[in-house]
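Reviewing the structure listed below.
Naming follows writing order (A, B, C and D), and every chain is counted from residue 1.
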């Protein structure tokens, strides 16, 4: 199976996931791992981030993005791990991994998946900080990022 | 210290390196790990790959590329691990890691470093296979990849 | 027909799920939104900026002009902010 | 002046390092390559396609037109194939 999509509330270990993904494939020359982390900037610190999601649609959309990336960039495999529920600053939210014969495909495949995932899969972020709970607004630059693949 | 460049003959563990790199930085929202692997394709299998290098110049060039990436893409940090000597199919050759507030910078920083590293740092690959030992020829597409950042 | 609400829509409406029985005049998702808004002031307010409301019909993300005939579940949610 | 050879240059010439004493007429790396080639058939052959030979002067990668005055170490090597 060349695609794995996992939605989970539990924290995951980025390095362990990377090593599991890299397991022997002699045609592979390039692997890219993208890890998205809960950010808490000094000028706007947060105490936690909560992700709500729509499970069946999130799963289907991520599988679709992974499949499109594999076809378009000729990847050997792709894995997406996405958390939901409550998480703390510094913790991983998402990890996207791609494996390809050459580096350009691995980089592009991972970026493609991330660009679609940001605005195309039903997840919603809520930050908890000194101003209480705030739903994170969608960003135009994320729509633009997605459009560059059209 | 925001830049680490390590040249070593010993094998390294990609996941352990990723986790060490990800160690708490609350401004970080995005981390990219690129791992280059020894490829052995069925139609042209190799038994080993040997990398020769020019140590002081390789170290200086990689530090320069990492510094340029940090400045250009506003990265929080960058690490490059590059092996030399003999390695086997499936083993990691190189790992480039970048950390940034947002994903685009982390992706671009890692690609930038890899594109420069391929043709701009004094390493030379020799493949050992059924045809004996063959020095790997430089590829035009690697020069092109480097030029796109100019 | 089951209606799902997510994120700030769910919070504002104080419910994540409800079952409704729209009249035959409701042909599309846009019609359904109009009809829901007519009958509930909180929904009317939440749906004010229509292009900020995304929808899924039977677990497929679709546009507002999609027919709702035979649909089992319609979900309403704000723009997605994954990753 | 110390000369270093890497990769297939080193293998073909059967040495990774040598010390040479070029005459004053050798002003640039290109001159040095001409002079080395004059005195060694293997080098002449290895240096035949000049643009395939890269060089470093005192551990800095430079072009062939760089002056060699006061240089301690000149390295010759094929196009790099890292990563």
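Quick note on the criterion: a contact is a pair of C-beta atoms (placed from the backbone, for glycine too) under 8 Å apart; a residue touches a chain by one contact, two chains touch by 3 or more.
A quick note: this is a predicted structure, and the numbers were derived from the prediction, not measured.
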item: Chain at maximum distance from chain A, centres defined as averaged CA atoms; value: D
item: Centroid spacing, where centroids are CA-atom means, of chain B and chain D in whole angstrom; value: 27
item: Gap in Å, rounded to a whole number, between the CA centres of chain B and chain A; value: 22
item: Gap in Å, rounded to a whole number, between the CA centres of chain D and chain A; value: 49
item: Multi-chain contact sites of chain D, meaning residues that touch two or more partners; value: 83
item: Where chain B touches two or more other chains at once, by residue number; value: 36, 103, 114
item: Pairs of chains found to touch, sorted by chain label; value: A-B, A-C, B-D
item: Of all residues in chain C, those that touch chain A in their complex; value: 4, 6-8, 10, 56, 59-61, 75, 77-83
item: Complex interface listing, chain B residues touching chain D; value: 36, 51-54, 56-58, 60-61, 82, 93-94, 114, 117-126, 135-138
item: Touch list for chain A against partner chain B, complex; value: 13-19, 22, 24-42, 45, 89-90, 92, 101, 103-104, 106-107, 110-111, 114, 145
